[in-house]
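Handing you a structure now.
Just so it is clear, A, B, C and D label the chains in written order, and each chain counts residues from 1 on its own.
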Amino acid sequence: MEYRRMGRSGLQLSVLSFGSWVTFARQTDDDINDRLMSIAYENGVNFFDNAEVYSAGKSEEMMGRILKGKDWDRSSFVLSSKAFFGWKGEDKKPNQHGLSRKHLIEACDEALQRLQVEYLDLYYCHRADKNVPIEEVVRTMNVLIQQGKIFYWGTSEWSASEIVEAHMIARELGLEGPSVEQPEYNLFNRRKMESEFLSIFENIGMGTTIWSPLASGLLTGKYNNGIPDGTRMSLEGYEWLKDRALLNDKISRVMQLGDFAQELGVSLPALSIAWCIKNPNVTTAILGATKETQLLENFKALEVLSLLTENVMERIDDIMGTKPELFR
Amino acid sequence: MEYRRMGRSGLQLSVLSFGSWVTFARQTDDDINDRLMSIAYENGVNFFDNAEVYSAGKSEEMMGRILKGKDWDRSSFVLSSKAFFGWKGEDKKPNQHGLSRKHLIEACDEALQRLQVEYLDLYYCHRADKNVPIEEVVRTMNVLIQQGKIFYWGTSEWSASEIVEAHMIARELGLEGPSVEQPEYNLFNRRKMESEFLSIFENIGMGTTIWSPLASGLLTGKYNNGIPDGTRMSLEGYEWLKDRALLNDKISRVMQLGDFAQELGVSLPALSIAWCIKNPNVTTAILGATKETQLLENFKALEVLSLLTENVMERIDDIMGTKPELFR
Amino acid sequence: MEYRRMGRSGLQLSVLSFGSWVTFARQTDDDINDRLMSIAYENGVNFFDNAEVYSAGKSEEMMGRILKGKDWDRSSFVLSSKAFFGWKGEDKKPNQHGLSRKHLIEACDEALQRLQVEYLDLYYCHRADKNVPIEEVVRTMNVLIQQGKIFYWGTSEWSASEIVEAHMIARELGLEGPSVEQPEYNLFNRRKMESEFLSIFENIGMGTTIWSPLASGLLTGKYNNGIPDGTRMSLEGYEWLKDRALLNDKISRVMQLGDFAQELGVSLPALSIAWCIKNPNVTTAILGATKETQLLENFKALEVLSLLTENVMERIDDIMGTKPELFR
Amino acid sequence: MEYRRMGRSGLQLSVLSFGSWVTFARQTDDDINDRLMSIAYENGVNFFDNAEVYSAGKSEEMMGRILKGKDWDRSSFVLSSKAFFGWKGEDKKPNQHGLSRKHLIEACDEALQRLQVEYLDLYYCHRADKNVPIEEVVRTMNVLIQQGKIFYWGTSEWSASEIVEAHMIARELGLEGPSVEQPEYNLFNRRKMESEFLSIFENIGMGTTIWSPLASGLLTGKYNNGIPDGTRMSLEGYEWLKDRALLNDKISRVMQLGDFAQELGVSLPALSIAWCIKNPNVTTAILGATKETQLLENFKALEVLSLLTENVMERIDDIMGTKPELFR
């Protein structure tokens, strides 16, 4: 396993990590997830990603039960949670979501309880919140750091200028800005990582823990013959994945990429994940496997990495046609 | 004439202003420009925009000669220049362009000499410069403010996050960040003003002095029958305008918009300019006329403004198809 | 016993102190260390030095057990630990060493547990870490101070400019920089204390808790006839001490110094230790004895101090030939 | 000519530059220096270095007369001076030397007069001054920047920790620290550039304008047969160069390096200068020629640069034996 510094921070993350985005407490049970986390840990994964909203808190509870049963030293892994959406779904009340001090602190305490740990290594603002001043967010995150409940704070799906605004406020107050952003990044979604964020990588030094390296499974090739029932894309609550995919065009590109992967002698998902971590501004790609074979297949991305020469990268750009124009 | 505060600053700019982007010392001479500036001034324009690079310094020299001949009170108008490209073209040496302290200060002194004034009201960084730390830019602009050589400083064609980075440094040092950005904005180029910059309008309070409200003349309809010789688009040094325009598609939309203008009983350029200043985040739209009739036609945008109801705006969006997707 | 202010801080340290560098849990057992610590305490030593890496955590555990058995008021002594190397040796994982926030905080908690105390008086960065921004270190140490887990923080074997960089960041943020540095200092290793650090003593006011006053035992004279088995220099893991010593030349100087000590009527180690604490920039010299007689002998340095006139000091310089050239 | 950014500043300096250390107004006259400066400028040199103490002010006067006669655009070159030693030699009074505000400002005004320019691009503290608080130096340099008399300030022959102390004060006050240091650097004097300064290059981003790339001429080979009368080393006031050189050993190394240069097919001085600018932490090497042939020979260093492969560099290290030990 390769480890990378999370931006300019001192924290080291494995370049592949383990997330429980849609998998936990939903399609699977404790046993399978226990095995998946063990496989990940044994393969050198040191970052386990979570959020209050994943399966409405149940994902954290399951991860907490599993971690409890392990003899892993707490210092050997990095654990995260995220607040914004709340975990009560439609029933949530005014202060049970968003980035107010009340919700950020209460959500952190709840995550610590569900995960059965004393501190989170990373704590993210799961989205930006127009209804909370950035100063309140910055101050609250620094309170949590002071209290020893979190070590670093981050953002997820914020714009570059929102991130810099947080740093502006933080510097003005002598406080700590976000160290890490969690954006979507994959062969279909490149604009933020490869254009909008360039100046914050250079001038602020953010790390990134990217999600959806396989574009919601599209880059596994499993939708090449249409979307079967029972997959993530047909699950309740994720219809937007269906809408968002301009599926026809995308699937044709996936098929071409699959041919090219075969030419290289590697699998399509391993190639797609390796392509993500080839970008040095990616600290780690979060994998969201539901089966052991799938997870092991994804780890092969580490071996594929060395095949990604300049020529191969150009070939991929040609196939996908998604390289963002640089505005300067 | 309507006047607007330049963002949260105290400066008031006329909502239509006069620029000398490609016109001066090139297609025209002192006499015609003298008349154009007088017409503008008499119609309430109080902002005259310039830059070191326009006609390689000659645009500033001509504007300086013209202003010298007027009896306009210096306090009655606002004058700008911009540094970055240098004015020596291919012969420029290492420190004769860019945003280093050396060039920013030397270029300011040179602009003051060419314009024959003691101070500039606005001084812009004409582009961002990856080879100069933003701190050096912020400090230098504040030195110039302290020395009384400029009143406010701004940026042109910077990204939202670069602008916020400048404010971050400025606040950290107790100095003044940029008050104004000069982006391109017109019916073909809306992404920055209507999406990327939203958080800086809200959180930083930047003003904008937008350029190219007629998309390099495309929105006058004059290219509807192709690009004749002798127009700006065929001038040496501006071939990029030609390349950039995906002309065929664009011209067809311009023709539809022309029909709609006729329906409204207004001219196409007046409609296009009015559409720009309808956006309250626009402080002023810089006009770049080369003929009196053209300039007078453009001023009619002020009257068109009241016709731009919600329905009209939606109709325009439908015709143009350029409304940017909001990412949140 | 003489007590000195630790630099410009308010803390008072005995000029001789007790360290457990290589001795604990290795060559000796609880009983002997219990007696050694009692002797030290009864002779006025108030500073007991430790680190996570000493005997892989066992040195702290033993010191914790011993302190538990004493009726010493916690306020009567000063206790330290240090983080950087980790305590897991070859098995350590990415975030189990270094100066990241994660390791500094986790290592502090672990040291508190092993030492069975509620706070450390001093907590050191055992080395500099190129992979962690100094700002992260400064902020984390201040978090620990805020949480009441440590009272002062320090550095060990940092360069002068790294120490000043830490103070630069600390002042910028209104936080507390390091109060104390722990460098090696003895008659064979004088450059840092007598040249490089001069400006930080004057301008920053650092205290120093110097280690290896007897140059790993070389200045006891015990290696004058070669290195016997069973001494520290032949212990596994400390071969580097052997490599580093250009033994032949050094031993000849030690023999001359021994003659001079005899001339003065004092022992060689007492003279060597007294020479260290003669330097007013030394707050305390950490002694690392393994036998009672040895420790008692070392305390005689306090009496030798008054013999160190200017002439004697020059004579020592002549014998050793190690006085650093001042660069200015 | 290659140009490099001066550290993290935005200023660009030619990698070879022209100094008037001992040459001006002493061994030569206006005519020869006029030709030398023209040759330098025509070869792309854009930095001309000076100091109040060089020939007791006469060096600046001569450079001022020469520049006056040129039609070089002021923005096309970078001019420096330095204060500390004063220019009155033995007759100097208490405030006519050192780094007090009084001397720094008065010396700057005098340098501007002697050089007949309105501002200096670079202004150096020629040495550190224990009798002036660093805060006074930092504040004064920032006053001069505000007044437009200087653009950037620097230090010469300061220690790494003194430089960081200046930055510490500057950051605390929101002022500007030194951007550039002028140390001696050549194949006989490597410790500062290759060891002591490493952390300030990385963490502070200082540029360097190194002096004496030929070790006072020693690396030209001209002393290989002893020191003739009439050379710089025998000139009054430079006896220290003689004392400092452990000439015998050094000359033997120079002779071996000369053989190696011959093997490479290049001259000894070109090789020695190229070796200096091979170090990426060197912004520019200041050449101090007194003859046209010598200056032209030195410019050949630019061509030699590409020959300096890793192997060649190791070979040079072996011959010279001057590579500093890294302390970490």
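One rule holds in what follows: a residue touches a chain if its C-beta (ideal position, glycine included) is under 8 Å from a C-beta of that chain, and two chains touch if they have at least 3 such contacts.
Chain labels with UniProt names: A, B, C, D = Aldo/keto reductase.
Just so we're clear, the structure is a prediction, and the values are computed from it rather than from any experiment.
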| item | value |
| --- | --- |
| Far-end chain from chain D, centres as C-alpha averages | A |
| Interface composition of copies chain B and chain D: same or different, split at half | different |
| Chain A and chain D, separation of their C-alpha mean positions in angstrom | 51 |
| Centre-of-Cα separation between chain C and chain A, whole angstrom | 44 |
| Inter-centroid spacing, chain B versus chain A (mean Cα positions, whole Å) | 40 |
| Shared interface positions of chain B, touching two or more other chains | 172 |
| Chain contact topology (line, ring, star, complete or other) | ring |
| Residue ranges of chain D touching chain C (in the complex, touch as defined) | 127-128, 134, 159-165, 167-168, 171-172, 196, 199-200, 202-204, 327-328 |
| Touch list for chain C against partner chain A, complex | 93-96, 98-103, 105-106, 129, 131-133, 136-137, 139, 143, 146-147, 172-175 |
| Residues of chain A defined as touching chain C within the complex | 3, 5, 8-12, 14, 46, 73-76, 78, 121, 145-148, 151-152, 174, 176 |
